[in-house]
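Next, two complexes with chain A in common: one pairs it with chain B, the other with chain C.
Moving on, here comes the complex of A and B:
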């Protein structure tokens, strides 16, 4: 019998192998994230001056938008040949399938963030690396929460005809706490008088959101995936 | 976690107001090949999905031996093999990678040997390292059959397994299904290729307007009997 974490690891490995062959999700997400940021940069930077807290907001909005694009595409692949049904039929806990897909989404989000954070720092003259460990903590915690909800909704909607419309409509309201936590935590690190305590508070809150979202998603995945 | 029969009792399934299955009763025993026949949209795939535990019946009872799907859990799913209309293969991966992924997911012993045997059975041993996207429809179908049977399931649910197969491949598939029957598998097959399945079928059922009835014995080929009963 395949253990829970072995099954999850197999799903992640398979997703990464598929992605290394096609590079479709990585390239489209990265290109979209960079384009999105450039549009914001043209709109919000005037005469070299940036609107207060804009860098933090733009960073998180870009990640959320690129993440939605990636989520939709990752589950489109499972839908096209109905491979999700083969995964659900495997003799492993269905929550392990969820964790495998979730881990793949998190890895992809972290890759997008690794490209987007330096660009935001450059374009908005934002001192993002001044407290790099704390920023990394916020990014990872935010990505976990966003991916926890996004993976569940994308899996639920994979066979729905209106999934392209429904995914953002469901996902954005649910992940508002994560986006707010990420934006406020990052803004606390970017203001002239850095507020470490505030950033840490938002980090703890984000971790709490992650725990709640992940528990709910693990609990709900099996019933919502059985038609 | 094993069973020797599949029993559906008064199983109904509705999709909104549309009734796909209405009070279906079916028993299939180990060592039987059962054909489910019917027009497009008759509910054959719905019936297979319910037997595969991927779809809940709106009402009625489905038992694997004495167990329900809920009681059997994921161990029960490990004894079921499903071939669908869509082939459940990743086109970006090679044939070997596809089979190896499922062999590992099912925690099969000697997965390398199993994969090699499956490729040989699908007559794809020379194409094992080619991506599935480069395969013809028939080659994909042969690979998909082997993927579904890789773990030697007790219950094999095959939706249109002869689609896209040439005469030689059809004959090979018949031999494969006969071998499954000898091994004690319960094989449920839906097909429109009645001539292909006729030599090996033990029982045939007609599904129409959501209702399942056994195809009556009588003179003529399986297709003749099917036509007579479908038009009645």
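Moving on, here comes the complex of A and C:
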């Protein structure tokens, strides 16, 4: 069991090290997130006022889009340097590699969220920090679910031909439950009369989705990545 | 045996579908919706067939992934195509009914949304198989397992959230005079499904054998 977590931690450490040296994924995802918000602002701001519930939707869609970009790039890097094969050849359980990659993606998503949440709060005048712990819970639970599915499919598609177009096509329908939970939960917190119970219900549902997605992904990673 | 049974089953299926309209016409009118409610007999039957098909695809894909049986993969392809086909019937007949019953073509409620999501997942499965290049059978098998895992979620979603779509206890509590025609249609669609699945799988088997022969010829 210790070797499992040591291996996973090593994969995370490697990914973080590569990322801190190049900062490629962080910079591109952040800039993409900001330009995404700009595009939404044109559609969802009417006569200077934001359409109801739009802030929650903008927040989650921006994160989902930026996440797709980051996922594609993280695994492209492994493919370009032919390191995916080396990783898979390592004498550790495949699931440990998955967990390592998954943790790296979650950390990256949280980093992007840490920048996007204040930006949305500022630019769309949304009281996001009124219930900060609950919002943080929703963001973390949402990121876990999104990353669980995303890591599996991005890893699978790394070897595939038209991965750039296929990743969003696969990822968005699969992660719709997570996006719905995140948007509805956040919207419940942003209403004029805050619905704490509703946000809690969605948080619990999100955690259920996380458990299902993570179990399925761990179960499928081994046979899918075997050539 | 199966070769002789197949034409008999086809004839039976044609007969059942030919007789279905008479049964549906003679079934009583529903008190509030009247004539439109008759869509029910095909809409619900195809929906159940779609769910069955999604499960068949998911289970066959899991067998292919964990048991390494290429035959299971060929069943999975056939089932995925049929899930998309029956899903199309469900998603076409649903709005026709909704327009009359609810006044709108589409409503973003849990049941409709999740059915559309499931349909998109199986579309993605077919896209991946077609454009994914070599080795995409395994990847798409993983997609199918995820898709099948969404099915119970789709089924229970109506009971979990408040929606305009009728709940799952409509069928068990059906009026006895409507139950007969409904079961008739359900059996007809399931029979059609089994026939199409076996024909499509047989085609896929032949294709695999032909590929193997080509490879042997080249060696």
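The working rule: the second predicted complex is superposed on the first by the 225 of 227 C-alpha atoms of A that agree within 3 Å, B and C clash if a C-alpha of one lies under 4 Å from a C-alpha of the other, contacts with A are read in each partner's own complex, and residues count from 1 in each chain.
By our rule, contacts are C-beta pairs under 8 Å (C-beta built on N, C-alpha and C of every residue); 3 or more make two chains touch, one makes a residue touch a chain.
The structure displayed is predicted, hence computed values, not measured ones.
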Clash or fit (per the criteria above) of chain B with chain C on chain A: fit
First, second, both or neither for A:81, with chain B first and chain C second: first
First, second, both or neither for A:89, with chain B first and chain C second: first
Which superposed partner A:10 touches (first chain B, second chain C, both, neither): first
Chain B, chain C and vertex chain A (Cα centres) - angle in steps of 10°: 90
Which of chain B and chain C A:46 touches, first, second, both or neither: neither
Partner chain(s) touched by A:21 [first = chain B, second = chain C, both, neither]: first
Minimum C-alpha separation between chain B and chain C after superposing on chain A, in Å: 5
Residues of chain A contacting chain B in one complex and chain C in the other: 227
Residue ranges of chain C in contact with chain A within the complex: 65-66, 113, 117, 120-121, 124, 127-128, 131-133, 135-136, 138-139, 141-143, 145-146, 149-150, 153
Touching residues on chain A, where the partner in the complex is chain C: 149, 152-153, 156-157, 159-162, 165-166, 169-170, 173-174, 176-177, 180, 212, 216, 220, 223-224, 227
Touching residues (chain side chain A, partner chain B) in the complex: 1-2, 6-7, 10, 14, 17-18, 21-22, 77, 80-83, 85-94, 226-227
Residue numbers on chain B that touch chain A, as the complex places them: 49, 52-56, 74-78, 80, 82, 84-93, 97, 101-102, 104-107, 131, 147
